[in-house]
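Have a look at this one before I ask anything.
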Amino acid sequence: MILLVSPKDVNEAIETIKGGADIVDVKNPPEGSLGANFPWIIKEIREITPKNLFVSAAIGDVPYKPGTVALAALGAAMSGADYIKVGLYGTKSYNEAVDLMEKVVKAVKGVDENKIVVAAGYADAHRVGAVEPLIVPKIARDAGCDVAMLDTAVKDGKTLFDHLNEKILAEFVEETHSYGLKCALAGSIKKEEIPILKDINCDIVGVRGAACTKGDRNNGTIKSELVKELSKLCK
Amino acid sequence: MILLVSPKDVNEAIETIKGGADIVDVKNPPEGSLGANFPWIIKEIREITPKNLFVSAAIGDVPYKPGTVALAALGAAMSGADYIKVGLYGTKSYNEAVDLMEKVVKAVKGVDENKIVVAAGYADAHRVGAVEPLIVPKIARDAGCDVAMLDTAVKDGKTLFDHLNEKILAEFVEETHSYGLKCALAGSIKKEEIPILKDINCDIVGVRGAACTKGDRNNGTIKSELVKELSKLCK
Amino acid sequence: MILLVSPKDVNEAIETIKGGADIVDVKNPPEGSLGANFPWIIKEIREITPKNLFVSAAIGDVPYKPGTVALAALGAAMSGADYIKVGLYGTKSYNEAVDLMEKVVKAVKGVDENKIVVAAGYADAHRVGAVEPLIVPKIARDAGCDVAMLDTAVKDGKTLFDHLNEKILAEFVEETHSYGLKCALAGSIKKEEIPILKDINCDIVGVRGAACTKGDRNNGTIKSELVKELSKLCK
Amino acid sequence: MILLVSPKDVNEAIETIKGGADIVDVKNPPEGSLGANFPWIIKEIREITPKNLFVSAAIGDVPYKPGTVALAALGAAMSGADYIKVGLYGTKSYNEAVDLMEKVVKAVKGVDENKIVVAAGYADAHRVGAVEPLIVPKIARDAGCDVAMLDTAVKDGKTLFDHLNEKILAEFVEETHSYGLKCALAGSIKKEEIPILKDINCDIVGVRGAACTKGDRNNGTIKSELVKELSKLCK
Amino acid sequence: MILLVSPKDVNEAIETIKGGADIVDVKNPPEGSLGANFPWIIKEIREITPKNLFVSAAIGDVPYKPGTVALAALGAAMSGADYIKVGLYGTKSYNEAVDLMEKVVKAVKGVDENKIVVAAGYADAHRVGAVEPLIVPKIARDAGCDVAMLDTAVKDGKTLFDHLNEKILAEFVEETHSYGLKCALAGSIKKEEIPILKDINCDIVGVRGAACTKGDRNNGTIKSELVKELSKLCK
Amino acid sequence: MILLVSPKDVNEAIETIKGGADIVDVKNPPEGSLGANFPWIIKEIREITPKNLFVSAAIGDVPYKPGTVALAALGAAMSGADYIKVGLYGTKSYNEAVDLMEKVVKAVKGVDENKIVVAAGYADAHRVGAVEPLIVPKIARDAGCDVAMLDTAVKDGKTLFDHLNEKILAEFVEETHSYGLKCALAGSIKKEEIPILKDINCDIVGVRGAACTKGDRNNGTIKSELVKELSKLCK
């Protein structure tokens, strides 16, 4: 299982890299759970990140606007992101989500076949009217994405496991693998929960709070030792 | 006054160019009044358009998500658009609109100083909860945009002049000019209304229906002779 | 594949029976797509239906109120229904739907182990905010139901196939079978579409319009010859 | 005046009975002010309650779905409830409420003429869009119910008397009696308020908090001595 | 029974007076069912109306803003209206409606004890979330008004009788009289329905369409002969 | 710059007058930021206020109902108010606001040419869907008002300056003056901010909290010494 960490600035990004994370994730929390950061920030993070590590960029808790979102996905790819993560927020059904993700895939792969497109659903989608998380693997498969991901939409202390139980998550991973795709799981994941994700064969785990001092995503800051610990747990 | 025409496909784009339009406008009406088209469409239109003409691209009736929108603006610029038009749809106040447009300007000018950024408001903003059109000049000025534009949000047959009277529109142009910016006006503009816009010193007029057979934006198609006629009226 | 037909009154029920339908379905369209009929109506239909045929009763496009719905399910069972169909309308997630259906199963099976409980989702759930249809097989499995069903929520002429394509429906049937459950499909199904449903191994097809004169669910009436034709297609 | 007490479990039900309550009320607060409990709970409470006492069952803060609600009413009756209480929550007018209650009456009386049907309105109906409480007597009369009741919809510490003054409540009781019906009043009633209700000739008073330790409906528990005290006040 | 007619302009007012109406009613339909007209219009109508006839003025489908509404009531009284009609639109409960009407009564009677205050409810209140019409007599009584009135909120062809049956309306009149108040009924009343209103002892009937050519409130115009006919039916 | 102070009762009004305020402002905070007070209160305040001082009266956070609002404006004028302040709350566009204010001006000036009409916008209009504050000068000009004013709609501690920066406010004043109108600014203005308002040439500053003990608009009370201090700062 590889480790994705979401720093909030360059200093945290440096700690993330020193700690041995596999993917440095760029997002913009004030703009939503999968809020997009600005092109110059993605570029800056890409520049300080070693070539052998990946940079991922969230492009937003996006509305059902395939044109705008495809342009944003291209913008993120041109800014240097290796993984393009799309939060399926305003899409309300399988059809809408496949339509949107197909356009994103075409926009991104059109400039670089090797870029990785991530379809990200929300474990608590029913709280915001977003598309059902359990069908994200089918959406990712049918739109030509590389990764099916889950995160939480509302950051109120509830974690991925509060919304979906372990058995259902294991099925999620298994179904994703059966389609030849990778699976990423996030959502206020705690250190103690990492072994569970490893057990169910998750490919990528996403964290922020667990890598922060006091385990606090808002008031803590990412430290390389904490990242190192998490990284070890993933191996 | 220069003429911007919005074709819906490559054939119409060719007619638009043959007719002598100054700006070939790419948008995606099913996605909204200023709906964004896909990167490959913008690229294709740019390729068939002579170097001395401009291509403009709408990037959406955008939500108040500066990160996502800045990425989309960059995506449109990288796809070849000379004018980047942003529909101030989900921004509800002067502050939100300035915040969003500042990020767009930085993203676009960061790759090419010569790209032109257009802040577009809606004359019927109150019908959709968008920011007041009459403050678009101040928004454009304070965010560093090049053009202040008005269009209509709801395409129900009502035109720009149904929502804002001539005196108010003249003030709009005058205020925009006083800030050293250009002014674009659109919104189901009819052939007969073009002289009025010229009279009030509008810099760019945007049309579609008026360049279509039967003056019908939906069921008609753009013809070069009609474009030519409009173009003559603008001179 | 067996045939479920939804008559609107006793006369139509008699035609349904004469026509050779396998299940006589009682619902109350003015109260919703899966609107509940009254206890005395269910009882009356059960009384005129031969013992070897089944009577199914919809208990509503139900809200997320497990107590009220469990009582209604019991009421329908005590009124003589063999199949208890629950429209997962107000439940917005896997967890809510499983919680509700578990209580229905306990209420119904508590009085008669042989009663059949049907978890019914809506193919156009995103139009009404109901739980995603593609996860109904998992809901049915995890709550102990016997049948996973799909119908449409809004009767506006769009059919099951307008909302979910054949490939996705085939997966739906296959997944349901993999859990040892039966699968029922409905939603303005036309005569010509019955062979498709048979092809994908659907167990039960539900119709009304297709059994009516002029194929019109509202202004037509069910005729035994039409039912006979459909019945033949199902064999 | 007779006393209705709402225990939350079997232990509290035993205290309620020992304390001399006249009616043991079964409801399910997490499902709403008049939330329905499950058939097996109603049955269990009926089994431990002496024959000479009554069991009442709320069947929900119900939507305007006469079919579903009539089935639920029947379910509650078949589970052993003597009083069937219906919370007029989703009905928004006299006509809707009469329509719904007529069906409930027919469903319940159809199995046992002696069952008692209670039309329950909310004193704070305007906070939730429910039917006006002051017309509940007319609704009960015109639908053939036995009892007109008032409770509060939102349990935020406000009581029946905070929403309707004593003079208006006295008129409510008087009007109900003039139709030959009984009247029940509830809604965070305090011990000190019981004599007022007796004074205005209320027939049934409903309580929970007042029978709990510390007068706390949530954190306290029902004790037989407290019930005894209230019971004495009602005589 | 006396006759109130609602002309839309001075010409119609003259026909209304010639036809023998008892009350000339001033309202402003584009502003709502009981929309307020401007002070100068009320004044003008009062000036052309003979001293022995009354002028009534609606002051709006009012929000629950007692201060604003009391000022408007005063404004209408100072403009010459004899009857001040208040549409209980934004008030959602007995308490809110009594609070608002008390302030109106104090404002109006403070300048002239003889002015008549009318509390007007809507027979179809549930369609717009207004206070229940059947409690208007109690509201009028408890706030010190002179008349309890009913009209319809939505002018879609449905009449007073479509929302409330004759028996319920008769009770409404009777209850109003029992409080020593007068009763006014309106709402697309047809000529043929006037005898019914007389039968149930209604004091004032309000019409517009029935006094118009073709019985059409929108496209027809009031004619004195038609008013005369209605007036005769009221005697 | 002259000083407007908003007392909540007669005692505070006396302190306001003793403290040397120029305008005694009557409003009714429970009814909204610019909530209207009752005619008898306006009259009472006018009676105790010296002839050489002005009384202003808010007539509400008004809906877009020109008829009702024109009547209320007349009511306030007839009750003795010299300034009639209208909160442009329910008007959503330039056109609606001009329409409403024109009617208010006609109603007020029709009884007394010297009455002063104030068009008041909200600096935080986007939080409540009211018309954009920055176009209030144009609205005031085009409707014939005397004063363009800004206040805040939501009293949550945020001040005028939190919603609009000093540069924008200076432009607001300047634009208003260019139309020959006066400008009033309010919105939880603190003592320290008064010199800023003076600097930008504001004509009237409105306060309450700053004139109260502890600077607390809710729990403090207006004291003449505090008013005196503010008054001095305005000179």
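The first chain written gets the first letter, and so on, giving A, B, C, D, E and F; residue counts start at 1 in each chain.
As a working rule, a residue touches a chain if its C-beta (ideal position, glycine included) is under 8 Å from a C-beta of that chain, and two chains touch if they have at least 3 such contacts.
Just so we're clear, the structure is a prediction, and the values are computed from it rather than from any experiment.
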item: Other chains in touch with both chain A and chain C; value: none
item: Contact-graph distance - origin chain C, target chain F; value: 3
item: Chain B against chain A, contact positions shared by both copies (same if over half, else different); value: same
item: E-F compared against D-E, more contacting pairs; value: E-F
item: Cα-centroid distance, chain B relative to chain E, in whole angstrom; value: 50
item: Distance between the centres, which are taken as Cα means, of chain F and chain B, whole angstrom; value: 39
item: Cα-centroid distance, chain C relative to chain D, in whole angstrom; value: 35
item: Chain D, residues touching no fewer than two other chains; value: none
item: Order in which chains appear around the ring, chain A first, chain C after it; value: A, C, D, E, F, B
item: Sites on chain E touched by chain D in the complex; value: 92-96, 125-126, 129, 131-132, 134-135, 138, 163-164, 168, 171
item: Residues of chain E touching chain F in the complex; value: 28, 31-32, 35-40, 59-63, 65-76, 78-79, 103, 106-107, 110
